[in-house]
Amino acid sequence: MSTAEVPLISAAGLTKFYGVRVGCLDVDLEAYAGEVLAVVGESGSGKSTLLSLLSTQLRPTRGSVHFRMRDALVRDLFQLEEAQRRLLSRTDWGFVHQDARLGLRMNVSAGGNVGERLMAVGWRNYASIRREARLWLARVEIDGDRIDDLPTTFSGGMRQRLQIAKNMVSAPRLIFMDEPTGGLDVSVQARLIDLMRGLVADHGLAVIIVTHDLAVARLLSHRIIVMRYGRVIETGLTDQVLDDPREPYTQLLVASDLRG
Amino acid sequence: MRADDSTMIRLDGVDKTFIMHLRAGAVLPVLRAVKFEVNAGECLVLDGPSGSGKSSILKMIFGNYRVDAGSILVRDGDGWSDVARASPRDVLRLRRSVIGYVSQFLRTIPRVGALDVVAASARDNGLEAATARARAAELLARLGIPERLWQLPPATFSGGEQQRINIARGFVATHPVLLLDEPTASLDKKNRAAVIDFIRQRKRSGAALIGIFHDDDVKRQVADNSIDVSRFRA
Amino acid sequence: MSTPPVYNFAYLDEQTKRTIRRAILKAIAIPGYQVPFPSREMPMPFGWGTGGVQVTASILGPNDVLKVIDQGADDTTNAVSIRHFFARTAAIVTTTRTSEATIIQTRHRIPETPLKDGQILVYQVPIPEPLRFLEPRETETRQMHALADYGLMHVKLYEDIARHGHIATTYAYPVMVDQRYLMDPSPTPKFDNPKMHMSPALQLFGAGREQRIYALPPYTRVLSLDFEDHPFERTRFTAPCALCGATDAYLDEVVTDDRGGRMFVCSDTDYCERRRPARQAGDGGERGHEHR
């Protein structure tokens, strides 16, 4: 099977209980290179829990997550050493948080933020680090003049783009996004989505994006998972699920969407 | 499942029923046992009154609507793929290389300019970036979209302009199967003629087309066969 | 004995000394690694060198010769107090001569006189964690050390260069120990960093308030962090010591009058004295200090 057919990341029976409360239950999914998978649902649907499990920030109660490493071997993520997982999350994965303060060092300049992953893997030439940082800032449409500015001086949209640059610098193959457009103006959201589409197309990225915004899911994702109360309600091609929803809850969700 | 060499699309026993859970589970059967074939180089026209399910058929072939029963076979390289049973990834693949679609509505991506929208479709179909842009430019010019609009996102265009972007998107690629849903609805005579031209070109290169046409004149000029969809009314 | 027999030798009880020695042995076995230890209440507040004092107290023997310096000088309040503390509680010989000491407790400087095999340098450390001000969470910094995850330290140096054009850290300059652990050398000036590298002496670091001990066994590789294109540079002084003429020592600025007069003299008082012929107090440098 060519690598295009082997999922980059897959989950089987992924379950998380908080005591008796269900975080998520028996979730199966797969994500592939060059594709965006949206996980949609309302508050409490378990979508953020799912993202945390997939990115190994939380340990599941049951179930497994498998990831295809750069050497093409598929590994069970929770069987890896902590050091290996950390390395993955620093190099092969990216994570864009809803609140940029969780994904950036707010007391470090934009250039320092973008350069951090490089320095973490041993880059020791200041000029090279800076050059690479400038490249990525340009790619996410942040003015090069801002390279020494602190993210506290950036707008919300700029902070999100800086998060993306910070993650992309290590050439990750998989990006996790948690409501990245939350709280942003519509035009700013559009810019962010456009950037992500370009990156997915240019770099063959796999993206798993959690969002409650169906319009974002429609614009960005190829496939979609609808969640409610921690369970998968429906899954499939994004346009199919949103245009021809089968499940009652999905129909409700689609009908309720203000932007139609 | 025998099909001769030139058959490109074959529907058999296709059912479609909508269940409206928000209307207390009201069941709305639309189509029953749809069956037809289209060969390479042919254009099949779907006729029938509004609401008879013509668009739904196109959408099922494109994988945009689910199929409740039956099969939708499309020629896929040397073999066949059944869209009704294809996995989401396979449908995506089929859309890139086999099945094209010119819809009635243009869902636009906010910041992408018209030229890029069309070129993207060509790139997905496998064309190189530069070639894709060149082809896109050709088509837009042919359809009379002025160059000054090429960098602008189509969301601000008129209905007719948006329709022409849709058409350019559908015809810039070389899908062996092309689905057309009212492609000439808001066009003037000149652009209708351009569309007829495109359709003929694609037919000549061996594509199989299925179309819904409002305009009798266009229908007459492009149709090789037609089928009244109301005979499949559920 | 003039000291009333109220204190155990070197103040600490033997059990505590044993615990601290275990920590010291562990620290020596893992150069640069911060070993936790149960810091005791000492008769001086935190911030006055309790870590260093506990280390010294644990290793001191009756035949040891102790020198105590503070910013290079034997005669500051801090140094004098600690020296008297051990003189009282251990009745050991004390000295100001680096070359004659077996144990040297220091705050913020490494002696200029090269150390020898058999000598022990005990550093007083306020904040043992080099990453602390970048990453406030102890849980995180422990993980970073465990996984040798030190990119963040270079981020700090990058920021310096971006902001100031050069690495602006001038003291407590971070080092890599044996290519494994990132270490804070204590607030010694970066001028002193090269002295830690491949030293014949044993170097022990004690942080009393933070309850950590770390160590550099003799002949350990200790390299200051830098960038290829911004390499580590020792501070250079533009003029020699006004008292002894040394050009290779760390100099302090001394204000001599209220008209802006100042001069630069060796911070290491012992080193400076030994370089010049004996002078009377009040001649040249205005630093009245005891001759021994």
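Think of it as A, B and C in the order they're written, each chain with its own count starting at 1.
Following the convention adopted for this analysis, contacts are C-beta pairs under 8 Å (C-beta built on N, C-alpha and C of every residue); 3 or more make two chains touch, one makes a residue touch a chain.
As the structure is a computational prediction, the values presented were derived from the model and not from experiment.
Measuring from the average of all protein CA coordinates, the nearest chain centre is that of A. Set against the Cα centre of subunit C, the chain with the most distant centre is B.
If you average the Cα atoms of subunit A and of subunit C, the two centres end up 47 Å apart. Between subunit B and subunit C the centroid-to-centroid distance comes to 78 Å (mean Cα coordinates, whole Å). In this assembly, the C-alpha centroid of subunit A lies 32 Å from the C-alpha centroid of subunit B. Subunit B makes touch with subunit A in their complex at residues 19-22, 59, 63-66, 88-89, 91-92, 107, 109-112, 123. Residues 32, 35, 187, 190-191, 193-194, 197, 201, 218-219, 222-223, 236-237, 239-240, 243-244, 246-248, 251-252, 255 of subunit A are the ones touching subunit B in the complex.
Taken together, the subunit A residues at the contact with subunit C in this complex read 82-83, 86, 105, 108-109, 111-112, 115-121, 124-127, 129-130, 147-148. Residue ranges on subunit C touching subunit A, taken from their complex, read 134, 143, 146-147, 149-152, 154-155, 158-159, 161-163, 227-230.
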